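Scroll down for the structure; my scribbles are underneath it.
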Amino acid sequence: MNAREIIVRRAAQELLTLNDQSGYYVNLGIGIPTMIANHVPAGIPVVLQSENGMLGIGPYPYEGEEDPDLINAGKETVSEAAGTSYFDSALSFAMIRGGHVAMTFLGGLQVSAHGDLANWMVPGKMVKGMGGAMDLVAGARRVIVIMEHRAKDGAYKILNRCSLPLTGARVVHRIITEMCVLDVTQEGLRAVELLNGETPATVQAATEPKVIF
Amino acid sequence: MNAREIIVRRAAQELLTLNDQSGYYVNLGIGIPTMIANHVPAGIPVVLQSENGMLGIGPYPYEGEEDPDLINAGKETVSEAAGTSYFDSALSFAMIRGGHVAMTFLGGLQVSAHGDLANWMVPGKMVKGMGGAMDLVAGARRVIVIMEHRAKDGAYKILNRCSLPLTGARVVHRIITEMCVLDVTQEGLRAVELLNGETPATVQAATEPKVIF
Amino acid sequence: MNKVYPDAASALTDVPHGATVLVGGFGLCGIPEEAIFALHDLGARHLTIVSNNAGTTEHGLVHLLKNAQVKKMVSSYVGENEVFERQMLSGELEVELTPQGTLAERIRAGGAGIPAFFTATGVGTLVAEGKEVREFDGRPYVLERGIVGDFALVHAWKGDTDGNLIYRKTARNFNPMMAMAGRITIAEVEHLVQPGELEPDGIHTPAIFVQRIFQCRANTKHVERRTVRKRTP
Amino acid sequence: MNKVYPDAASALTDVPHGATVLVGGFGLCGIPEEAIFALHDLGARHLTIVSNNAGTTEHGLVHLLKNAQVKKMVSSYVGENEVFERQMLSGELEVELTPQGTLAERIRAGGAGIPAFFTATGVGTLVAEGKEVREFDGRPYVLERGIVGDFALVHAWKGDTDGNLIYRKTARNFNPMMAMAGRITIAEVEHLVQPGELEPDGIHTPAIFVQRIFQCRANTKHVERRTVRKRTP
């Protein structure tokens, strides 16, 4: 398995923590997080919320059944599940901002030891906009960032302090990388799981802040 | 004609000022203003908004066709017109507060020369609540108060300053009584029409602030 | 995910003393009557009830008032209810009156994660006393706070077992906002159907806002003011 | 009351230079394409456009950008559009980026007469710079302003001649809010029907928010990302 696959498979296991109390309403960010939909554990009745105005996303449509009026937040054609509802963007973000979405998975460029997230803008590069990411991190009850542990050039992505402009301050609850699962706690980052044969030493070496093992 | 009938008939003539620009969306307050619906001038396609969540109120239902789920803001059973829509109270007051209702007619206990309105509370008497009146006077584009010119005991109802708690400050555009039609202007109250054989002298005698004739 | 309860009593059984309970309906139209009866029978006390009205002397929330379960009411109009009047005058009952549109918006705001907003409604009146008033573009507005509830009780026409709701005519009124703002929203429905039976474009309250749902047994509806016209023969 | 226009050109003819125009749609889904073409052909310049996206390099609002009609865009996401990118980098185009949920709420607020509200979205980020931040119940929130437009352009599935609208699936998105916040709201509809033909409980945008309506001629729809699965044979 490559890093992306390790991350997505481990992330999907987070869905096992959902229950009738929390509800099963989950928002998957655009890009890699969308792939989590293919790995939902059996028996977990996850309902996917799409911030463009849909609750109950089904699988991609069969060839020839694409509907231009039926897309997800990544602008991909999708289908509807039984019990789907459609609504406008104001109600969609009322759900998100109002804390009705139990869990969201988002990609990250940088995460700090305090749970700050940067994932929308690299100064000097073309700015595309934050879309719904700032609302999701501010509103979802549990925010999980999934990303490769280090940048391609080996630079830290998990930092004492983000150098990139923030998407949200103190918003991340958990980070899942191909190396480990880290929780953001009052005391700092705490490793709750090591993946793929990593050790405390290898994880710490790839992480700027001190990790509690 | 009694005073109430004179007032309602004259008030209905206000609907002639509506046009395609203003729209024909009107909210009639509870009580006497509701009677204006029976006197809509021919050819004026007035659409009645009811703040409990309905646009396009029809006449009272035929006997036996009352529907407990179909009432107006006065809690009376009504019917629906062609093109009716239903919506929740938040959207209903978004219409009102957002300036989408062209005109509202409300009863009054007192109106001041500056257009302050008091119509919801008499200290010492049981308070029933303001309902939607404060939203209507703050949001409708034109606020017309219809009421008898003086109190039953002869006291002024049109005053330099309201003594009763206000429903809204500087919100009334026009007052229609059985004696006259008064506009609230920068210069003060201006009589735009005398009714029922009244004269400037009789109107002034029944009105505390100086009236401009 | 099982949201379906056999009846009102089982759905409301954990409403504690002192809870804030949001209740849908306008007058007696669209009130969650079976949920109200269950709350009466279960007996939670010191409740704060947020509802546009307080019922009439005979029907609706008056049952909770008569049973001395209500500490405070947040409403816009409370006429037509002698029990309410008596308890308010005697000081048994605390009352917060808020304009109807402001009440609707405060509840929607609570459900939408908005802690406060500005409105022109009530500026220059008793309603604005003690609140911040600020000018925007030359007009004064008053700052109003969002409202959330521990529980919300709503009445819908149709609901599916996932919790999607559709209301009927003016029985919609405050119900959708109450559903948004309840931490635990309990819906009573006249018709309980399977997921997929409701038109996805026609759903008024998406399932995410509803935690519990049950089908009404009696489904009595009350008319406050029967107004009719005669058929011309 | 006649709201029906024969086509987009006649409905948009009085949009002046410098107007603020709200445009519905998410990506290319639910955009009022015929109205955008008409605005292009009519040629109003120095426009401020409020729309979640700015179209792609080929479709949607890009036509106005190419024609140098846009002074400023207020959006949440503007990728996938090379023309936009070029004009922004060269300084021709002013851009205000606002989070998607805040944008949706600002437009709804504008339409609902709410000049400003507090939200937690964007606190501690560039978005909050220069804005008031205030704590409610121990959490910081930023003050955001309502948005209104001189015109709003929306696309609906069905509309009646009174102006009632129903949208289809995720083509609803920003359209209902844009309709609320336009002083003059112009709706293009795929199917124009008579009053009474739409189910009153199923109307998404009540007629009061729509000043002009016309039926689309071509009704082309674009798919940005065609994603499908194969049928197992």
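By written order: A, B, C and D. Residues from 1 in each chain.
The working rule: contacts are C-beta pairs under 8 Å (C-beta built on N, C-alpha and C of every residue); 3 or more make two chains touch, one makes a residue touch a chain.
What you are looking at is a predicted structure, and each value in this text was computed from that prediction instead of being measured.
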Chain pair with the higher count of C-beta pairs in contact (B-C, A-C): B-C
I'd like the Å distance between the centres of chain B and chain D, where a centre is the mean of that chain's Cα atoms. 35
Where the CA atoms of chain C average out and where those of chain D average out, how many Å apart are those spots? 32
Using mean C-alpha positions as chain centres, tell me how far chain B is from chain C in Å, no decimals. 27
Among all residues of chain B, which ones touch two or more of the remaining chains? 80, 86-87, 90, 93-94, 96-97, 138-139
Per-residue overlap in chain C, given as positions that touch at least 2 other chains: 105, 108, 112-114, 119-120, 167-169, 172, 200-201
Draw the chains as dots and join the ones that touch; what shape do you get: line, ring, star, complete or other? other
Pairwise touch list, complete, is A-C, A-D, B-C, B-D, C-D
Once bound in the complex, which stretches of chain D touch chain B? 1-3, 108, 110-114, 160, 162, 164, 180-181, 194-196, 198, 200-201, 203, 206-209, 211
Complex contacts: residues of chain C adjacent to chain D: 105, 109, 112-120, 136-137, 139, 141, 145, 166-169, 172, 199-202
Any idea which chain C residues touch chain B in the complex? 26-30, 52, 75-79, 85, 89, 97, 99-102, 104-105, 107-108, 119-127, 157, 167-177, 204, 221-231
The answer for chain A against chain C in the complex is residues 20, 23-25, 45, 47, 49, 55-56, 80, 82-87, 90-91, 93-101, 138-139
Of chain B, residues touching chain C in the complex: 50-54, 59-72, 74-78, 80, 86-90, 92-94, 96-97, 116, 121, 126-135, 138-139, 165-170
